[in-house]
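Notes follow once the structure below has been shown.
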Amino acid sequence: MNSALLLPMILFSSFFTGLIIFFLGESMHKARTFLNLLGAVLKVVLVVQLLAGVHAEEPYHSVLKLAPGVEIVLTADALSVFFVTLSAALWLLTTIYAIGYLERSPNRSRFFGFFSICVSATTGVALSGNLITFLLFYELLTLSTYPLVIHKGGDKALRAGQRYLAYTLIGGAILLFAIAWLQSLAGPVAFVPGGALAPFADEHAWELKVIFALLILGLGVKAAIVPLHGWLPNAMVAPAPVSSLLHAVAVVKAGAFGIVRMVYEVYGIELSRDLGLLHPLAIVASITILYGSFCALAQDELKKRLAYSTVSQVSYIVLGAAIFGPVATIGGIVHLFHQGIMKITLFFAAGNYAQALGIHRISQMNGVGRKMPWTTVAFSVGALGMIGVPPLAGYVSKWYLQKGGVEGGEPWISAVLSMSSLLNAAYFLPILYRAWFLSGSPEQEAASPAKRTDWWMLVLPPVLTALFVVYAGAFAETPYSPLEWAKMIAQREYEP
Amino acid sequence: MNDSLIRILLFAAVALPLFNALAFAIPGVRLAAWNGSALAALPALVLALIAQPGTEAFGLVVDETGRIFLGFTAALWFLSGWFTVNCMRRERHRVRFDVFFLLSMAGNFLLILARDIPTFYAGFALMGFASAGLVLHRGDSEALRAGRLYIALAVFGEVMLFVGFGHLAAGSASLRIDEVVSSSTSKAAIMMLLIGFGCKAGALSLHFWLPLAHPTAPVPASAVLSGAMIKAGIFGWIRFLPLGLVEWPDLGITLIVLGLLGALLGVAAGVTQGNPKTVLAYSSLSQIGIMMVAFGVAFLDPASWPALLSALIIYAAHHGLAKGALFLAVLPVKNCRTRWHVCLGCLGLLLPALALAGAPFSSGAVAKLALKEPIRYLPGFSAVLVGVLLPLAATGTTLLMIRYLSLAWPKQAPSNVRTSDDSLWIPWGLAVLSTLLGVWFVPGGIVDLDKVTTPAKVWASAWPVLAGIGLALSWHRLKKSFHWKTPVGLPAGDVVVLLERLVPKRIRKAIAFVPNKDPASLAPRVRVDWLRMASLAEQRVREGIWVLLAVLLLALLLSMR
Amino acid sequence: MELSKVYMLAAAALVAIGLFAILRTNHVVRQLLGINLLGNGIFLLLIAIAQAPADAPEEGLDPVPQAMVLTGIVVAVCATGFALTLIERYRAVSGCLTVKEGADAD
Amino acid sequence: MPTDPATAALWLVLIPLVTAVITFLLPSAGRCLVTVALAIALLPLMQLIQYLWVVDGSVIHALGGWAAPLGIAVSVQGDKAFLLALIWLVCVGVGLYSLRYMGEGYKAFWPLWMCLWAGLNGLVIADDLFNLYVTLELIGLAAVALTALTGEAAALKAAVRYLILGLTGSLLYLLGVALTYAAYGAVDMPTVAKVMTATPTGNVAIALMTVGLCLKAAIFPAHVWLPPAHANAKAPVSALLSALVVKGAFLILVRLWCDVYRNAQTSGAQEWLGYLGAAALLWGASQAIIQQRLKMLIAYSTVAQLGYLFLLFPLIPTHANAWPGVLLMLAAHALAKTAFFLAAGNVIWAAGHDRLRDLDIVMPRLPVTAFAIALAGVSLIGLPPSGGFLGKWLLLGVAMESERWWAAILLVMGGLLASVYIFRVLMLVFSGKAPSDAVSFQAPPPIMEWAALGMALAAIALGLASELPLALIERGGRP
Amino acid sequence: MKTNIIASIISLALFGTLAHALIELPTNTSRLTSLVTANLDESGVSNPVTAVLLNFRSYDTLLEMGVLLLALIGAWAVGPRQTLPGHSDDTAMLIVLRLFVPPIILGAAYFLWVGAKEPGGAFQAGAILAGALVLLLITGRATWFHRDGWHRFFLSIGMLVFLSLAAAPMAMGSSLLDYPRSQAKHWILIIETAAMLSIAFTLVALLVGGRPHCKEIAD
C-alpha cells in the first residue's frame, strides 16, 4: 500500500463502517457485530503496518487543501503512531466488550455508529499534521462523544450531557480563538519536531505567552485539568464501554496528547522553557494530580472514584511534558499508554460489576472477589498498576517522571508523585480489601452473577488489558514495548 | 555443569513459588499445589548452599551477603512452609493463605537475589503486599486493625523507597545496585532509604505495626514475618546505604541512640505482655534496635564497616533462625500429647531462648561478640556507651525470654482437648536444630571458632545472661511476698493506640469536606423569568422600530460629515 | 428660487407626510395610504429632477426619470392592489384591521 | 446556446419568468413544469461557470444593445456566479422537498416561487440601481404572497406586517435612488462610481438607501417582521425566505458601500453597520435560546447569523480574505438554514405541532431528520468540518489582522450561543422516551427527509470541498 | 398620543434632511437627455419617454410586467373568494353601456397608437380599457371571468408576447431585447398592444380582489 493512501485509509476505515452501521436496523445483530469487528480489525492491521513504516522512518504525508492558508494535513510521526496504536488496540477490545455489554439494550445502531466515528475522530487527532486539522478532529470528537454520553436518555443523562457540552464547546471556542490568533501571527502552523515558533519569539513574546495560556485552557478542558474537570465525573452516567472509551482512549487522551503536541511540536521544548511556560504548567499539573486523588477519596460510587482518579492520572502526562529533559518526556509519553490500558481495565471491571451483580457503589463490593474472580483479578492488577507497584506499568512511568524531575532540577516533583501514590493507595486498596477479604451480606452472597453464554465477551477484555499492564511493566525493556517507543519519541524530540 | 545447574536454581528459586501460587488459581491443579508450598523454598535453600558468590543470571545475582541471607531465609521459609502444610489443613481460607504465603516467599527471594533497582523494588513490593494478606488472614476485627496499619506502613515505606531510589539513581544511567550506590552522593536519598527500609524492619518510631501484626498472623506466618521479612529491611540497608563510603557522624549518633532506645523500649514493653507472640515481637524489636546501633557505628567510623558487615550477617542469621524456632514452638508446645513430648518441648524452647539471649557457646554469643568486636575501638564516649549498654540489652533479652518461657511453658494437654498432632513437631525440631548448628556451619566459614572459646569471651557473654536470670528470680520473690499483681501491661503497639485516638477524627472531617454532591444540582433554574424579560424586550423593539431606524439614519449621516 | 426647487421641496413634504402617516398608526389601511403618499412624493421628486436646470433650459425634460416614474407607478399600483386583497383576507380571518404588537410574540 | 456568460446569466432570469407565466396558465401542471425549469437552468449555469473559469474577469453586458448610462447593464463575475449557483442549489433542495410537501394543494406556490427565483437571479446580476428597485419589489411581493399562502391568522398578520415594512423599505430605497440620480445624473453603478464625489445629497441618498435595505435585510433593529413571517410560513417557503430573500438586500448593501460609494469617505458610517451586526448576533442568539417553538427558534437564528455577515462589513473592500469569508458564511448559512427549516417541516408533518417541550417523543422516531438537524447545527455553530467553520475561520483571520479583537471574540461567542439553542433541539432526540401511541405520529415521506439531509450534507461539503468555490469567487475581481 | 409626537419628530427630521439635500443640489449635473435625443431615431419611436420605456430600458419594463403578473397571482392566492355582480337589465345602465363603452375602447386604441409620438402608450391605454371593462363588470357582463382558461390567457398575453419578442433576438444570435433596428417600431407596437390587454384585465382582476366564485372554475 503506497504511503500516501495509508493514513486516510486508517482514518476512514472506522468512519465508513460507522456510517453504514447508522443505517442498519436495530434487529440486524449479526451484520452490526460483523461490521464492528471488521472495522476494528482492519484498523489494527493498518496500524501495525504504519508502526513498521514509522519505525523505519518512512515519511507519511497526505494533504487536502481547503482554502488559502487552510489545509487538512495527515502525517504519521512517532508520537502520533503511539497514540493511534493505543486507540486502535483499545477500540478493538472496547468493541468486543460493548457488544457483550449492550446485549439487550435499545438503539444500538446509533450507539455503534457514533462509537466508530468517535474513534476515527481520535485517530484524526493523533494523525493531524497541523493545528487546523487538529482543531477539526478535536471538535469532531466532541460531537461524536456527546451522543455516547447521553446514550441512556433520561434527564440525568441529559443534564450530564449538557455539562459535558458546555465545557467542551467553550474549550473548543477558546482553542479556535487561540489558533486563529497564532495563525494571524505566524501563518499556518504545522507540527514540526522541535517547534516552529522560534523565529517569532522575540517580538511576539508576550502574545505567545497569552496564546499558550489559551491553548492550554482549550485543551485543558478535555485533559480535565483541575478547574476545567467538572464534566468528567458527571459523564459517568454513560454506559461502561463509553466511560472506558472516554477515559482511557478518546477524549481525555486527546486533550493530553494536544498539550504534548503544543509543548513539543508547536512551541518546542526550548522555546517553552525560555518563555517560562513550563513551570506554571508543571504547577497546574501537580495541583490537578493531588486534587484529583483527594476528591477520589471521598467518592463512594465506583465509577465516580475512577473518574476522579483519571483526572489526576492524566495530569501525569502533562507533568511529563512540563519538565524539561528527555527522561521526564519519556515518563509523560509512556504514561499516555500505560494510563490508557490500566484505566480501561478498571472500567471494564466496573462495568462487569454493574452488569452482572448490579453493583455501583464501593460499599456494595464486599466479597465480590470470590464471585467474579477473573474480573476482580484484572481490577486488582489495574489498581495496583495505578498505585505504581513495581512490576506493573504504572511504576515505569512514575519512575521515569520522578527521575526526570530530579534530573531536571525540580525535586518537588518526586514529593508530588509520592504524595499522589499514597493517595492512590488510600483510595484503591480499600476496594481491593473489600473485594478479597470481606464477605458480603447474606443476600449479596446469594446474588450469583447471571450466567450468560457470552460472558467471555465481558471478562476477556479486562483480563487481556490486565495482562498487557503486566507486560508493559515487567517487560518494559523488550524491543516492541511502549517504553521503547516512548524513548524513540523523546530521542526524536530532542535531537533535531 | 554446575554453572547451568546454578542458573536453573537461580531461576527456580523465584519462579517456583510464583508458579505455585498461580497454580492455585486453576481449580484443577489446586490439589497438587497444596503440598507444593513446602517444597517451594527448596531450590533457594540448595542454591544458597552450593552457589559461589558473583554468579549472575536472568537479572539476578548471588553475592556474599546475599548468599547467607538467602540461606537462613530459605531455611525459615522451608520450615514454616512444611509447618503450614500440616497446621493449616483444616483452616477455612486455606487457598488464600497459601497463595499469599507463596507470593511473599517469591518476593522475599527476588529482593535478595535482585541485581538492579526495579527488580529489587518489585520483590520488595510483592513481599509487602502479599504479607499483608497473611496478617489479614484471620479476618476478625483485631486482624483487620493490624492489617490496615501494616498496609499503611508498607505503602508509606514503599513510597519512601520509590523517592529514595529516584534520587539515588538520578545521575547514573544504569540501574545496577552496586554501580548506583557507589556513584550516588545525595544525602536526601540516604534519609529516604533509611526511613523506607526502617518501616519494613520496624525501626523505632516506625515500629508500632510490628507488635500488632505478628501475633494476629497465624503461627507459620508470624515466624516468617518476624524471622525473614524484617531482615529484608536490614538487607535493604546493607545493600543500598553507602556504608563504608560516606562519613556522616551526626546520622551515626542518631542511629545509635534510636537503636538503643528501641532495644530498651522493646524490653520494657515486652516484659509486661500477656501473649507469648507479642513478647517475641517486642524481642525482635529490641534485636533490630541492636542492629541499628551497628549501622550507626558504620556511619561514625566508615573504616570499621567490613567487620561490622560480617557481624551483622551472623547476627541477622542467628536472630532469624532463633526467632523462627521460638514462634514455631507456640503451637506444638501448647497441648502436648505425652509427658515425653512435654520435656522435649521444654528442651526445644530453652535452647533457642538461650541462644537468643546470647548465652556462651550459643549462636547468640558468637553473634554478639562478633558485633562488639569493631565497636570496642570506637573513639570517644560512644565506645563506653556501647560497651555498657549493649550488655544491658542482652540482659533485657534474657528477661524477655524468661517472660516468654513463663507464658509458653509446655503443659500436658488435658484429655478432652485435641492435642497438636505430631507432624508439627518435626519442622519445629528441625528449626531448633538449625538455630543451634546453623551459625557454626555458616557457609564460607566466617566464624573462627577459637575467638569465641577464650575464657574472657565466655565470661563477656555469660554475665549479662546470669544478671538477667538473677533479676528475674529476685523479681519473682518480691512479687510473691508483696502479692503484687503483675502491673497492667502497656497496650500492644503503644504508640498506635495514641495515634488512633488523635488522628481519625481530623482525617474523616477532611475527607467529608470534598464535594461529593452533583454540582449540577446547585445551578438554580433561572430560566423562567429570563424568558418573560426577554420576550418583553423583543416587544419593546417591535414597538420602537422606527425610533431605532431614525437613530440609525442619524448616526449614518453624522458619521459621514 | 426656480420652479423645480419648489416642486422638490413639495415632494420632500409629501414624503415626510407619507412617512408620518405610516409611523403614527398601526391601522393597516391608513399605513397603506401613507405608503402611497410616500410613493407619490418620490415620483414628484423624480419629475422635479427631470426639469431642465436653469442654465440650459433648451434641453427640455429628461425622459429617463419620467420612464422611471411610469414604471414606479405601475409597481405601486400592483403593490397596493395586492396589499388591499391581503388586508381584506386578514380582516376576514382575524376580524381586525390593525397589526398591534400584541402580547403574543409571533 | 449563447456563448458569452452574461447572456447565460440572463437565461437564468428568463427561464423562471417563463415558467411562472406557464404555471399560471396551466395551474395543475405546476410541479412538473418547475422540475423541468430547474433541470434546464443547470445548462446556462454550467456554461456560465465554465466560461468564467477560462476568462478570469468581470463581463459587462448592455441589455438591448444600448450602452450603460442610457440602457441597463448587467455584469457577471466569479462571486456572482457562485451566488447564482447557491440560489439554484437551494431551489433544487426546496423543489425536491415541495414536490411531496405541497402535493395537490397550494397551486399558487409554484408561480410565486418562480417569480421569487427570477427576482433573486435578476438582483444578483443587476448593475443598475433602478433595476435593483424593481427586482427588490418583485422579490418582496412574492415573499409576502408566499408567507400568506397558509391562510392562517398568524401567517396573515405576519404577512401584512412584512408587506408594510417591506414596501416602506423599498420606497426609502427608491428615494435614495432618486437622490443619487439627482446628484450624479445616472443610475448605472459603474458610471456613478466613476463620477462619485462626497456631496451632501449623495450622503443622504446612501443613508436612506442603507436604512431601506436594512429594513429589507432584517438587520437588528429592523428584524421584527422576520421571526413571525418565517415561523408561520410553510416549511419550504420559510426555507427560501431565510436562506435567500434576506441575503438579497445584504448583497445590494455591499455593492453600494463597496463599489458605488467607495471613495466618498464613508468608512465611518460602515463601522455602524459593523456594530449593528454585533447587536444582531447577540440579540438573535439570546432570543433564539428562549423560544418555545421550533420554527421561531430557527427564525431568530437567522437574525443572529445575519449578524455574522454584517460584523466585518467595513473590512470587505480592504481585506483580501473578508469577501470570500462573508460569501462562504452566507452560502453555508443558506444551505444549513434550508436544511433546518425543511427538517422542521418534517417534524411538524410528523407531530402536527412544533412546541419544543412536547417534541421529545416525536424526535427520536425521525432519525434522518435528526441527523439533518445535527449536521445543519454543526454548520450554524461553525464547528470544523462544515462550511460555516471555514467562513468563520477566514473572518477570524481578517478580524485578527485588523486588530478588531471585539469582532474576533464576538465571532467565537456567536458560535457558543448558537450551540446552546442548537443542542437544545438536539437533546430532544436523546430524550429516551418510549414512543407512546397516545401521541399522533405520521412518518413524513422519505424524499422530504432525504432532501433535508441532502442540504445539510451540502453545507458540510462546502467546508470540505471548498477549494472549488473559493477559486470561483476569486475569479473576476471583488467589490 | 405619544406615537404621534414621535412620528412627527421623525418625519420633520426626514423633511429637514431631504430639503437640505435638495437645496444643496449642484445645478451642473450631467443628464441623459442629450443621450436619449441622440439615439431617438434608432429607437423606432419618436416619443423619448416611450423610447426609454420600451427600448432603451425595456428590461425594466419586462420585470415590471412580471411584477404585475405576480401581484395578480398573489392576490388570487391570498385574497378571499369574491362573488361577481349579477346580470342587471336596468335600462339606465344599458344606455350608459351603449353610450360609453365603444368610445372608451376607441380612445384606448388611440392612446396606444399615439404613444409612439406623443405621451401615451400601453400603460395609459390599458388603464382606459380597464375603465370600459369595469363598466361591463358592474353590469354583470364580465363573461370572461367565467371562462377561466381564456381569462388566464388574456391576463398573461402581455408577458407572453414580451418574453417571446425579448428572447427572439437571443435565438437570432444577438443579445436579449436587442430588437432589429429597422423593425423596432413594429415590435414595440406589438408589445404595447399585448401589454395593454393584459394590463387592463389585470387591473380589473385586482379590483375584484380574490378569485371569483364560478361554477366551472375549479379551485
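So that you can tell them apart, the chains are marked A, B, C, D and E in the order they are listed, and the count of residues begins at 1 in each.
What we mean here is this: a contact is a pair of C-beta atoms (placed from the backbone, for glycine too) under 8 Å apart; a residue touches a chain by one contact, two chains touch by 3 or more.
Small disclaimer: the values here were computed from a predicted structure and weren't measured.
Traced through touching neighbours, the fewest hops from chain A to chain C number 2. A comparison of C-alpha centroids places A closest to the centre of the full protein. Distances between chain centres, each the mean of the C-alpha atoms, put E farthest from chain A. Placing every chain at the mean of its C-alpha atoms, the farthest one from chain C is found to be B.
Between the Cα centres of chain B and chain C there is a gap of 103 Å. The distance from the centre of chain A to the centre of chain D, each centre being the mean of the chain's C-alpha atoms, comes to 43 Å. Centres computed as Cα averages put chain D at a distance of 30 Å from chain E.
One finds 18 Å separating the Cα centroids of chain C and chain E.
Shared contact sites, meaning residues of chain C that touch two or more other chains, fall at 15, 19, 23, 45, 64, 68, 71, 75, 78-79, 82, 86, 89, 105. Residues of chain A found to touch two or more other chains are 162. Residues of chain D in contact with at least two other chains: 70, 130, 134, 137, 141, 144-145, 148, 151, 156, 159, 175, 179, 182, 203-204, 207. Interface residues of chain C facing chain D in the complex, by the touch rule stated above, are 15, 19, 22, 28, 31-32, 35, 38-39, 42, 45-46, 49, 64-65, 68, 71-72, 75, 78-79, 82-83, 86-87, 89-90, 93-94, 99, 105-106. Contacts from chain D toward chain E in the complex involve residues 2, 6-7, 10-11, 14, 17-18, 20-21, 24-25, 61-66, 69-72, 74, 106, 108-109, 111-112, 115, 118, 122, 130-131, 134-135, 137-138, 141-142, 144-145, 148-149, 151, 156, 159, 175, 179, 182-186, 195, 199-201, 203-205, 207.
Listed in rising order, the residues of chain E touching chain B in the complex are 6-7, 10, 13-14, 17.
The touching residues of chain B, when paired with chain E in their complex, are 546-547, 550, 553-554, 557. Put simply, chain A touches chain B in their complex at residues 159-160, 162-163, 230, 234, 294-295, 297-300, 373, 377, 384, 387-391, 395, 398-399, 402-403, 405-407, 411, 414-415, 417-418, 421-422, 425, 429, 433, 436-437, 474.
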